[in-house]
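One chain, chain A, links the two complexes that follow: it is found with chain B in the first and with chain C in the second.
Showing the complex of A and B:
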């Protein structure tokens, strides 16, 4: 009982300190009502993709933003998560919970293995070795002919005992629940002693070592957790897309996850979700905008997105979360001046 | 497995290796001296290939196409550094990855808009499209031999330039300690820009030579970029000698692995297992090699910085 009360207390302060995140999650819960009345069912699909990408980016953010480890191969874990579902279905296993358990196990042990090997290096070498492992896995699935190889394999939506994912909105709320659960979990992890140590390692690794802690252990554990979160995103992604191909783990996908985090705000809880919203909205609207100006080139929206990305890197330090925090801080100082 | 096949693949591997080296040579200096993660180096390969293909198509002469494309790639590298890259040296690796990722997206789309999404095929002039007998009864395409020769000449030139000339000494000094080099009165900014432009130019030459061998299409430089990153990591960041040796190793491992690994596996496993695992293992081989090198020598085989 006491434990439960502590939990509630922690959750309350956690929610208060991460208003933007929980506002977004609440908005996602209410979003289907909006699409229903506005008669825009297509946007439910976009929202699901935002949430899935948001989950994966949140996982990456744990190592990238909080731990300061620039992993350039996290799309591989998303892909592995999705392939775990596809391959277990291929062998007749249809239970969705087992799929997720399977994805967790495989991504966790792969994360442990890759993390253990890659975290011996740092800097550019770490970026490259994570990329190398991701490429290895990418080519591994490209050449697995019995699972579709290059063309990928189609997947049925998983069966979750009482929840039939083919009913409308069931998948939406399953993804939403995963998002809320993972956000809560990450909130606790980051506020915990482990999370504080991880952030301390980012700012001064040798100091943590001098305090008698082994930074490598913390890094590996955070790497495994982030791999597992990406795996969950991938497993749900398989049900959403009803298809998986090696394209999901292409190295540009890893780049996209990093873009999402930088857009939203590195090392913040809400950043990845905010970044995912902006990223996918840009992906939807840039072609439309470009189509208005130059109809023949609507497909080439990347020509705007590339420079935009460079601008964000050059001028937008801290991403969108940086801007919101600045805004909130200004509001607060106004209020205290008035009061 | 006959001797002819083996020799042919050996030359193919060598050709892939020297092409890789041309891409990796500039990139290793950019990574090593400027400590800059430059992912858009693959785009320079593409720019070189397109420039050569377009000028060849316009003038009808392959040699003029290549000769004019070289200054184009040099200029593209020079202005890219001036406009964008120099603002990013002081940023962390993550920012560099993202900004240069943005550059890749931009260049790929720009090429797609300018030249269409379909691949261009450029024909070789008759003087280069024949075959040479490297051994009795073993014909080998002339152009691939020319590529190997040009690659080796470039490698030798780069080696002499870096290790025998004054500018080369400055470049090496820059790789070891940029601040100290600047303190000695070297204009490190201009040095950076020239290295960058030269690197872009070398990558462009690789693109020009690959053009007639493979298809010239948007995004063609990216597989090469990833492989040349592998080369640089294996060779040791900032080391031109390391990049050359690693490029030849990677080129040979990749080419020979693809051809011979499936049949090699067949000796030890059943046919079905070998056929299934062979191609998978072959395409992973290079990355496995890199991981193994990094685990045992975390700074590569020939680290430049002491």
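Showing the complex of A and C:
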């Protein structure tokens, strides 16, 4: 009981320190009311995709932003998570909880294996090895004819006991709950002794060694945690898309996750979610805008997105979250001046 | 006679044709400040790296408190009782001074695999961290980001971190390098105060400080020891004068 009260207290201080993140999560909880009255049900779908990408980016951010490990193959874990659902359904296993458990187990062990091998290297070699593992897994699923190969396999929404995902908004709030739970978990991890040590390793690995700690152990554990989070995102993704193909683990997807994190703010809790929101909104609207101006170029919205990303990185140190914190700090100093 | 903390037996290390450490043996006992001097390129830092575990000797043994640590990694040797400051100050730049010492405190306690309770607001860790800072007089700078510290203060913080786990052997690689006269004096006083508490192996180019601090001095030239003795003996040693001190006169 006392433990639970401490937990609540710690959660409260954490939420206060990460207002932007929890405001966004609250906004996602209220969003369906807005779409209902505005009669825009399509946007629930977009919101779900944002949350799913946000979860995966948060997972990657643990190693990329907080641990300083540039993993260029995290889409593989999202894909494995999704395939775990597809393959278990293929063999007649329909229970969603078991799917998630299965995804957790597989992504966790794969993360342990890949992390154990890849984390012995650093810098450019680490990037290349993680990319190589991801490509191996990509082509493995391309070659699995039994599960659709290149064309992928269709999937039914998983069964979560009392929650029927075919009812309206059930899937939406399942994804939302996963987002909230994972955000809470990461918030605790980042501030914990483990998280602090991980951030210290990013800051100066040799000082951590000089304190008698083996950095590799911390890196591997964070790698496994991030793989598992990406796996959960993938498992829910399968239910959302009702379909999975190797495309979900293509290397450009890994790049997309990195872009989202950099856009939102490396090594911040809210950054990946904010990045996912802005990235997917731009993906929706930039083609429309381009279509107005130059219809033939509508597909090439990245032409506009590229310079935009560069501007955010150049001028907003720390991405959109960096800009937000700077803005909030300025507001605060204005207020204290007036008060 | 104080017990021997560090004993090197026939350490040999070469990089290709260059012999960096040549069949070198050395003892440092508890409570003594042992200075390692020699001209640039004599192999002092290479030797420290082998004691610390960042480099493995080709042959020979490193004994710490009588235990063979030659095969151990850096973190394992630190746990066995080695503390170190580096030639270029090596602290956690992205954190505050107190956060640095809190991380050192949790490393000392060996309790870093906890995932729930926030570290920086943990009372016990804060108290431990403050005690670490207090030892070098940095407590009033506790909440400063390390980036805002002056060079000398960073060196002081690094020394505090190296001392955090109460090591039996302290390796100091040019602790006075780049320090101003005041900082230098402060640092010298703090190292002096450690005499009798911990074995210190000190590399330093500031000869005034070396002769003031050291109980014994070892002179290295081209990977070999040419003399070991009290400051008095060393300053009157002809070979040393010829090889090293003579250059300065």
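By definition in this document, the second predicted complex is superposed on the first by the 330 of 339 C-alpha atoms of A that agree within 3 Å, B and C clash if a C-alpha of one lies under 4 Å from a C-alpha of the other, contacts with A are read in each partner's own complex, and residues count from 1 in each chain.
Everything below uses one rule, namely that contacts are C-beta pairs under 8 Å (C-beta built on N, C-alpha and C of every residue); 3 or more make two chains touch, one makes a residue touch a chain.
Bear in mind that the values here come from a model prediction, so they are computed numbers and not experimental data.
**Q** Could you say whether A:188 touches chain B, chain C, both of them, or neither, answering first, second, both or neither?
**A** So A:188 only meets chain C here.
**Q** One more residue to check, A:309. First (chain B), second (chain C), both or neither?
**A** first
**Q** Counting only touches as set out at the top, which of chain B and chain C does A:117 meet: first, second, both, neither?
**A** first
**Q** Looking at the overlay, does A:170 come into contact with chain B only (first), chain C only (second), both, or neither?
**A** neither
**Q** Which partner does A:199 contact after superposing on A: first (chain B), second (chain C), both, neither?
**A** Second partner only, chain C.
**Q** Compare chain B and chain C by how many residues of chain A each one touches, and report the one with more.
**A** Partner with more touched residues of chain A: B.
**Q** Where on chain A do the contacts with chain B and the contacts with chain C coincide?
**A** Residues common to the chain A contacts of chain C and of chain B do not exist here, since the sets are disjoint.
**Q** Sort out for me which residues of chain B touch chain A in the complex.
**A** Against chain A, chain B makes touches at 31, 35, 37, 84, 87-88, 91, 93-95, 97-99, 101-110, 112-113, 226, 229-230, 232-233, 237, 276, 279-280, 283-284, 287-288, 290-291, 294-295, 298-299.
**Q** Going by the contact rule at the top, pick out the chain A residues touching chain B in the complex.
**A** Its residues touching chain B are 64, 70, 72, 117, 120-121, 123-125, 127-129, 131-133, 135-136, 139-140, 142-146, 251-252, 255, 258-259, 262, 266, 297, 300-303, 305-310, 312-314.
**Q** Can you name the residues of chain C that touch chain A in the complex?
**A** 73-76, 78-79, 83-84, 86, 90-95, 99, 102-104, 106-108, 111-122, 125, 161-162, 164-165
**Q** Spell out the part of chain A that touches chain C in their complex, as residue ranges.
**A** 7, 10, 13-14, 188-189, 191-197, 199-200, 202-204, 206-214, 218, 221
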